[in-house]
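One structure follows; several queries about it will come next.
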Amino acid sequence: MTLTARLSRAPALLRAEEPRAKADMIAVAAGCVCLALLIVAIFAPLIAPHQPDTIDAAAISQGPSAAHLLGTDSLGRDVLSRALYGARLSLLGPALVTVVSTTLGTAVAITGTWVGGAFDRVTARFMDILFAFPGLLFAVLAVVAFGAGLIAPVIALSVAYTPYIARVIRAAAVHERQLPYLEACQLLGYSSWRTAAYHLLRNVRLLIVAQATLAFGYSLLDLAALSFIGLGVQPPTAEWGLMVSEGDSALLNGYPYESLAAGAAIVITVVAFNVLGERLTARSQARQ
Amino acid sequence: MLSQARRWILAPLVTLLAASFVLFTAVWLQPGNPLTLILGAKASPAQYRYVAHKLGLDRPMPVRYWDWLTGAVRGNFGTSLVYKQSVASLIAPRIVTTLLLVAYASVIILVVGVTLGIIGGMSPRAAPAVAGLNGLGVAIPGFVAAEMLIAVFAVQLGWFPVLGTGQGLAGRLQHLTLPAIALAIASIAYVSQITRAAVSAEAQSPHVETARGRGLSGPRILRRHVLRNAAMPILTVSALTVASLLAGTLVVEYAFGLGGIGSLLDQSVQDKDSNVVLAIGLILVLVFVITTTALDFLQYLMDPRLRLKGAAK
Amino acid sequence: MNTAAPSHPDGTAPEPPLLDLSGLWVELKTGGRWRTVIQGVSLSLGAAQTVGIVGESGSGKSVTARSIARLLPRGARVGGDVRFDGEPVWAMTGARLRRFRAHDLGIIYQDPRAHVNEMHTIGDFLTEGIRDQPAHERRERAIAALRATGIPDADRRLRQYPHQLSGGLLQRVMIAAAILPGPRLLLADEPTTALDVTTQSEVMAVLAEQRHGRQLAMVFITHDLDLAAAVTDTIAVMYAGTIVETGPSATMHERALHPYTAGLLAARPQPTRVASLYTIPGRPIAAYESGPGCVFASRCAYAQQRCLETRPEPRQLGDHVVSCHRAEDLQGTLLSVSPGPAAPPTALERA
């Protein structure tokens, strides 16, 4: 391959915009669901028919009705409203985990690939230690050390997910690193950091986004599980994992609505983000 | 030879050591005073100091860590502050329940997951259906599955008991069925996904074309060329999944009221029963590290390319 | 249409060909759409005869070879006829097809590293093809096959794994595996393209030796016209999924009747001539990109109106069969390979 042909892989500098691949309908649908969820979380007060903590002793554990579209929980609170308000915390935690772990993971991966040597080996050791802990256990330890709630688990999961993301990004970065166009950029005189940050990052950016959406889904599951067993968000705050747990007694009596609604919310959210993440991963791999 | 020992024994050991230190640090950072559990809130400072000294709580952290570690290696995990009995005796019966649950779930995962994956990988018609099921399955966490299973099979249909551990092997298995399924669902989907991808990739590989071109029969090709080559990623994922089941028991045991180490961990965290938390945490980490190391080793054994050096091109 | 109809010297009726393709067409589904890859390929081969299918990438030569063995992707659409010893291959079912592939056919692929399962030993690879032989004989025959292809230390090799052998050695193993069950027809899909030149000639020598020794028929796929000329009796030139010219190897590499073949010949670098390389203008197209007329019309220097409108039928012209409307007029005027000015004797040009 001629040098110019190789250089033509360098994005934005030397070639025209590549032709856009046709849209993937399923990915678009998943993306719309994700967007809708975010909108619900932000605008919950405007959408919800009731306040999430209004207790109504007369309407305990009722099935769906005109006033309460998804029924009521064991304290008479409207399930639909709680589910809508619950989206806020249920989605905030994963969002934080995603941003932190993706940033950290990508930084570690790219730096490790670019700098190599001792830095790479030391970080690899750290990652190995982190790999010894299942994410949930790490979150539990954080709760042990810092108390229950949302903050400690979020930090813990951010740290716990970093090595997984770093590993995937690193594999792609290592592959990109030895492609001739990067060497060409260096030969052309671009500074080392600029080349790394701009070119290497740009070419794995789709993969990064894909990993981020997957991390979102998994952290949602872990955080909700933590709330379920009582170590995460505490009552009376509305949160999906907590709602599944609180709906347990009603469920045993034949009124599964609270648990069902919260559970469905979790599953739908995770499916949407996972599908989006997988489609993006496939896209990024197709480009390679 | 030395590098092998270093890789399979030394490195995991170092990792374990570091992980145990992390464990201990987390517990050591715990807010609140464990002494209040023992003495109540009304004891005098002098009494606190006395008991603290007796329990060795006033020594520096590294010393306490070392004490705990050396004790743990010998099987002595100290005493539970809440139950007032040795942690080891507290854990022993519960570990059996958890192990039974994990084993039961593992069997379900491997049998159903791998089979589904093979079907999805070999049959282009079944593939989308399998992929769809997988996509749904991974999104169903243990606790959601648990509640749904309880709602349908225990409350509505009454096929299975809801809570408790049961008596005798048959009874225990019956009580563990719903929990095992709940634990297994997400993992089935994951294993099935990986299996499907691996099998599908192998089925389209050139060496399978060679086998077909030589007139080998379908079952033989499946066995010796598709599965044999796809075995590695499938095995890796399966083992990792089983190892992470241990963490999943935390949630499922809570949901089903099972007396395993998962629910004990949850309880101890809330009760601030440090020794128990440390002990169970160490067990979980140990299982994880051993599993991943064993997997690495298995991979090394099974792939001749890793074992024997290649020829010069 | 018989391109190489084997007939007895005493003029009696020709035997039925070992391999007979007539009007073969293949459609594959790529990127969600059905595309024609081969359109109307006809070819005949007698026992112990060889034909070289020469073409550039995308010409459909590999698909043709795979069609003979029925190794196309699942769901491919196929039409026309493929007959082996008079029997339609595409009508064979299950066990019959497997027997055909196991006993009558031997296939050698381009990339041995990809086509040999790295998880099994060489011995396993070889003996797997002769599982109907008694167990104690299999090993002996495998060793014999390895020795026949010039692999030293055959005994030790049986226990080795593919990654421990060099590319050339592995390709010999593939040849050994292909001839081991005693097939009557060999399909060689660019068997030496992935190898360096020295290894290439060694492997070709092994192949030639085995062929002659066992009276095997062979379909030899390559993009190298000269290589095909050296090892085959007949050459069929493929372009855009169809055969444009067929003729005896001995004359084909010097004299062409079809503009495309002539272009290929002229494009070869000559060691005796210092001049800029001739290239056929445009780029090679696949079958589904061709129009209603002659497939080569868009790039042909001699194309006329009728070339763009109607597809030429293959016609006999001397000892060649050509698909060109203007074949007769162009005879003699097409570029042929002649030594350039001040050329040294021909010994230098071709062995």
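A, B and C are the chain letters, set down in written order, and residue numbers restart from 1 in every chain.
Basically, contacts are C-beta pairs under 8 Å (C-beta built on N, C-alpha and C of every residue); 3 or more make two chains touch, one makes a residue touch a chain.
Predicted, not measured: the structure shown is a model, and the values here were computed from it.
Any chain bridging subunit A and subunit B, meaning touching each of them, is missing here; the list is empty.
Distance between Cα centroids is largest for the pairing of subunit B with C. One finds 22 Å separating the Cα centroids of subunit A and subunit B.
Averaged C-alpha coordinates put the centre of subunit A at 53 Å from the centre of subunit C. Averaging Cα coordinates per chain places subunit B and subunit C 55 Å apart. Of all residues in subunit B, those touching subunit A in their complex are 11, 15-16, 18-19, 22-23, 25-31, 135-136, 138-144, 147-148, 150-151, 155-156, 162, 243-244, 246-248, 250-251, 254-255, 265-266, 269-270, 277, 281, 284-285, 288-289, 292. Residue ranges on subunit A touching subunit B, taken from their complex, read 128-129, 131-137, 140-147, 217, 221, 224-225, 228-231, 241, 244-245, 247-248, 251-252, 254, 256, 259-260, 263, 266-268, 270-271, 274-275, 278.
On the side of subunit B, the complex with subunit C involves touching residues 124, 205-207, 209-217, 224-225, 228-229, 303-305, 308-313. Looking at the complex, you find that subunit C touches subunit B at residues 69, 71, 74-75, 97-103, 105, 107, 109, 111, 114-120, 128-129, 161, 163-167, 169, 177, 181.
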